[in-house]
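Several structures are given next for inspection.
Heads up, the next two complexes both have chain A, just with different partners, chain B and then chain C.
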Partner chain A sequence: MTQSENGNGLVLAEKYYSQYGSRARELKAAGRKVIGYLTALGPVEIMTAAGVVSLRLKGNVSEAITKGDAYMETIVCPFVRNVFDAAVKGRYDFLDGMVLPHQCDSIDRTDDVWSDTLKLPYWHFLNVPHVTDEPSVEFMKDILRIFIQTLEEFTGEKITDEAIARAVTAHNENRRFMRELYALRITDPPLISGAEMMKVLVAAMSLPVDESSALIKGVTDEIKHREMPPSTEQGRRIMLVGDQVDDVAIIEAIEGAGGRLVMDDLSIGSKMYWNDVDATPDPIQGIAERYLRKLKLPTTFVGTGNNYQETLEARFGHMKQYIEEFKVDGVILFVYKFCDPYGFEVPAIRNFIESAGTPVLYLEDEYSISTLARLKTRIEAFLEMIA
Partner chain B sequence: MAEGKKPRSLATQAAAKIAKFVRGNMSATLKAKEEGKKVAYAYINDGQDEIMRAMDIVPAWGESFAGVCAAKRDAEKYLQKAEADNFSRSLCTYATCTIGFDMWREELGGQTPPDAPWGGMARPDMIIGSAQQLCDPRFKWPQATQHYLQDVPVFVGNMYYPPWDPNRNHHEQEAIYVKYAKAELLELVRFCEKHTGKKMDWDRLAGLVDLTEKTWNLFIDTYELRKAIPTPMDTGDAMNTMVPITFNLATQDAYDYYKDLNDELILKNEKKQGVIENEKYRLLWGAGLPSWFALGDFQYFNDKGAVFPAEVTYRNAEKIERLDLPATNDPLERIAWRWVRFWTHWYDKARKRPGSSPKVERIIEYIEDYKCDGVVFHSAFSCRSWHAGIIHQAEILRKVYGDIPILIMEGDIVDISSYNEVDTHNRIDAFIETVDAYKRKGN
Partner chain C sequence: MERYYAGIDIGSTMTKAVIVGETIVASVIGPTGPEHRKLADKVMEKALNQAGLRFEDVTYIVSTGYGRVNVPFADRQVTEITCHAKGLHSLLPTVKTIIDIGGQDSKGIKIDGGKVTSFVMNDKCAAGTGRFLEVIAETLGVPLEKLGEVSLSAESPAAISNTCTVFAEHEVINKLSTGEKITNLVAGVHDAVATRVYALVKKLNVEPDIAITGGGAKNVGLVKALEGKFGCALLVPPEPLITGALGAALVGKERYEHALGSGQTLTRSGQGLQEARLFS
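For the complex of A and B:
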């Protein structure tokens, strides 16, 4: 069906970006079950194999929190609060259930606030460990099996190893397509703007994997055949680092000030797409290893180096590679207030990147455009500084 | 030292001995360095006490250090130090306070910063954390500390427990959790062996597990003496008497301390000697770490005729028989079972009361056992672990238990900038009026 194959990829991305979740809503109306989930730790392969539509949840940075605060403290990270507020207001009223992976305290400590308030037919807290050693991989496999069992009970269908293996292939392919699209950002100027890319990333996480892949392929084809890149002006090449930044507002602030967002290390961006699941005889092994060891999230403790420098390389080395490959001039580290996992590593990341010669701007903010004016000034000053 | 604050007058002699205890713990780290013993930065309730003690590793507790700085109203200089290197003010202030101290000591080439409370903590030989299901700082804090103490090896283990889900029987998952916790404890043993150059003495470890279980039992027996009317000890004291069970678990000193406290409370009960002369209202401290710089607020409650015979905070122990632990001789497995069951042992009860939750069941149990007329929560902005979800607990409590007066106070553990004494006292006044009306209604 996909229009994207007919050269309308960006239009379709815009549609799914601005009407977030609309495709899942349609599929629900057509009789499919829809499971919402939070964060990059949602094991999409298993949900795909279960035959449910998985929808990664986002909030709306333009919308003030009006209902959620009656149930959830303001010391919870603003992203989680905003998504919760959206859910309470009925924006996701078509969900059959949700999966909350144990990403951080803001999620772990609010699990029952979510479940008791939303009262969805299916609920699961996936207790992902924060450590990556061998016993943790074994444990991760165990909790993935529990997750599978609960999904089977919910759908009434067995999730076979074959179905999981097929889903692994489909999601790996999806990631490969996205990496191919990212590669179009390497040129100067990049063939796709940061704002366009954000819309594709957001749209992609709202679709079943086959439709997501078709969308990405469609956008890639379209971009490749573009006569003119979005802007021929030279601009400082920026990489954005953070957790779930899922709106164009901050990117427009960067690009509006003459910067070019050419790469990210975001949890809806490269963190998601850079690492595949290995096809292992027991497909759960590969899935456990990817989510625990390959996803470079600050919520997993990595202590594998023989010394501190090696440990830093294991944690942040990929960022240096991105800087080189995407010819990044400056890094913006964007962290939400009350986020301990990201917040505690700001000095380390900053030091690591700056000591390799790339300047870093650290911004702490809300998940809201209300404070954007203040940030814009700092972004402009940063871009001027690195000009 | 910053502006002083008159300390709260303590009801028990045992609580008055705590300053010495805390000071002793801190100076033990400095002394250990002189004696060539290994010092580890450690974090409370991680289930790692017996292993560290069995390996003669002296723990240096960041939470204690930060708490002392806060109680002396002298944490700001450390918080600012951390903030200057981009640690947000919204992060756990126990961690940022301690990291600020570490940063400063490194700048001084390893010398303790001037005016550090009670001589400060020693520079550690290792950092032992746990990404257990208590909070993110438990594994981010060690990692962030290593940024300043780069030569110091870090271990982070894990110890989870089955999540609460009213529709699932958590007992089916316990074995997975215990297996994992035990494996992680073994990883810790290997780490300690590597960095001390000593082998674990497994018999000694088993003896320390016995001692810990005995201490948990005695601690609960002692605290249950507070059920008496009038109560002989309240939460204001418990914020002191928690020190041995929290920071000195698996030591004879901790056991002996509760023996003394037990004797003291029995005596007080015999004499019907309460915390205050005319006990009018009995309150439960339902959740939340206290504002260490404002412990005097407990006195304020006392002055209004209110006492706290029980609290959830720092009561991280239970009578062993209530945990119904499976028999095993493996000390690591015993530690794993004890903690997994501690965190989950209100689940079965909660499942029996539709709409309830384990945290609320625990609150209800204390309200009933300790005959409380109201519940006070404290919401500290820099710690999500204990403080996110309090509104929800209060809501469930109202729904499943009834309309008991509830006060949610807001502040922080260390960061005094969030605190306003006048506002706090006004809120307490209004709450006491509500409790009074509630009691008059015959509840």
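For the complex of A and C:
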């Protein structure tokens, strides 16, 4: 089924990265149903349990938006616009349906534009709440049940609790494999470059969970015995923080200037893989809690501390742990233009990390490589500053 | 034997070259502009002539500025942020905050002993940069280098509320047609740029002394407007355009001497003095 067991993990990751969605397209041709989704809030356990192929959608930073803007206002965030443009141009024409979770207003308020334009057989808006108290967890469980019901109607198959429990186990294992791969970045130099890692992360989110796990394991087995040449000029170790950064361009800018991307807090990276679903008697309980409370997204967070400092620890304390564990020298905070949720958090994150002694570079930009040149000067200056 | 180090700073509008030995032995400023894009080598040649040196006499060359990667004869590229800090510190050692207003961007740099501790940059839009002043100067028919002087005789600066260059230009034209004096308009435009730059730089923890560099530093009206915003006098180096190139030369010197100290000799790239591979 997969070819990653014969030492070609990185080659396979490169293939699925550069031909994004190609495996889902093949599976569709073989008779499977493919559901696309946006953001880290897509409940993959439920889609896996439903027997559909889930594909997290991405855009293409090298491609200008040429068709999407005819339907969608330019005040919508550049990431959402770019993915929508790709969909309008037919890049995901093999999809049977989509699920849009309510991460932010750019998604919530464009749901009808997506559904009316793409006219797919299956459509679902997953109304994820934005507060995390007990009533909200109950609400989250309810909307997950509604989601299950719509999928059952669409596929004509019952989604059993047992199937969901099995999917939970499979996805938790997938996350553990990815964390094991991340651990190979702790050494200096790291055994896997930031650009290679990005390709693995992107490839992994385009595959059914079993194939994704096989790919990750394949890459880990391939690189764990790598002999890295001792570096002559010590590269600074960087952590990248942001939402869906899903292209190597900015990472190549960092690594091309001598930096080393050793860790991330991205929504396709550690945010996805650091939090498992607890196996609860009602499997929906564990899923609701994971997506609502464990995922550290700026849209689904309510302060839990007794004071501001404790709240900051609850929201960003994990970044401090990453900095320590992965020996990070500098943090690059990358936010897309018009991204309110992440934009609101910038001063707090910056202050929190800098006051703990790690310099932060804040970049705000398009979801496009057309503006990369001006970012490069900032990245290089930042690396010179922390050298 | 005295060693010589050269720095070349290719900005969006001007190319600057500085050669240092024990002191500054040459400094040359030439245009980068569309028809001069390939003239980095000529600016360098002029600097060599000024110093009475041959190309081979220079020990190490560092390029900086947004065209830094395109200089074939440079031995290393370093960003203008690092170079401005280094260059300015050598001229005005008490400075802790630098405001640089160039043709295409503006930036604020916090320094501690010549080392950058943080920085901010605006290069997304023309407002707050030299380009904005160029556009307005042309609209008003005032030569760019006279803008500062003209604004000093303003009675009451006109309020320019738009921060976008294109809209601000419309606003200026409108006010001109309703009889607003050119002096007041120019002063208003300086105020608008100063507001923009102040908003950018105050994101840093601004500490005095504050210095201003780049083409913007040559405009007395703009400097005065900025002084009003920051509430203190700004220091202006004798030639505010060359701090980046000077810093580049000094970074080269430091690197070379550091390497010597650890028993290594940095070698030149071996590239001759050729045309810049700019914007190909």
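The criterion applied here is as follows: the second predicted complex is superposed on the first by the 380 of 387 C-alpha atoms of A that agree within 3 Å, B and C clash if a C-alpha of one lies under 4 Å from a C-alpha of the other, contacts with A are read in each partner's own complex, and residues count from 1 in each chain.
Assume contacts are C-beta pairs under 8 Å (C-beta built on N, C-alpha and C of every residue); 3 or more make two chains touch, one makes a residue touch a chain.
Keep in mind it's a predicted model, so treat the numbers as computed, not measured.
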Worksheet item: Is it chain B or chain C that touches the larger share of residues in chain A?
Response: B
Worksheet item: Should A:106 be classified as contacting the first partner (chain B), the second (chain C), both, or neither?
Response: first
Worksheet item: Looking at the overlay, what does A:325 touch: chain B (first), chain C (second), both, or neither?
Response: neither
Worksheet item: chain B touches which residues of chain A in the complex?
Response: 70-73, 75-76, 102, 104-106, 108-113, 116, 123-125, 127, 129-131, 133, 135-136, 138-139, 142-143, 146, 150, 298-299, 301, 303, 307-308, 311, 335, 337-341, 343-348, 350-351, 362, 364
Discussion item. So in the complex, the part of chain C that touches chain A is made up of which residues?
Written reply: 66, 78-82, 115-119, 121, 123-124
Worksheet item: If you look only at chain A, which of its residues touch chain C in the complex?
Response: 359, 374, 377-378, 380-381, 384-385
Worksheet, complete the sentence: Listed in rising order, the residues of chain B that touch chain A in the complex are 85-88, 90-92, 95, 129, 131, 133, 135-137, 139-141, 143-144, 146-147, 150-151, 154-158, 160, 162-165, 167-168, 173, 176, 179-180, 183-184, 187, 357, 379, 381-385, 387-392, 395-396
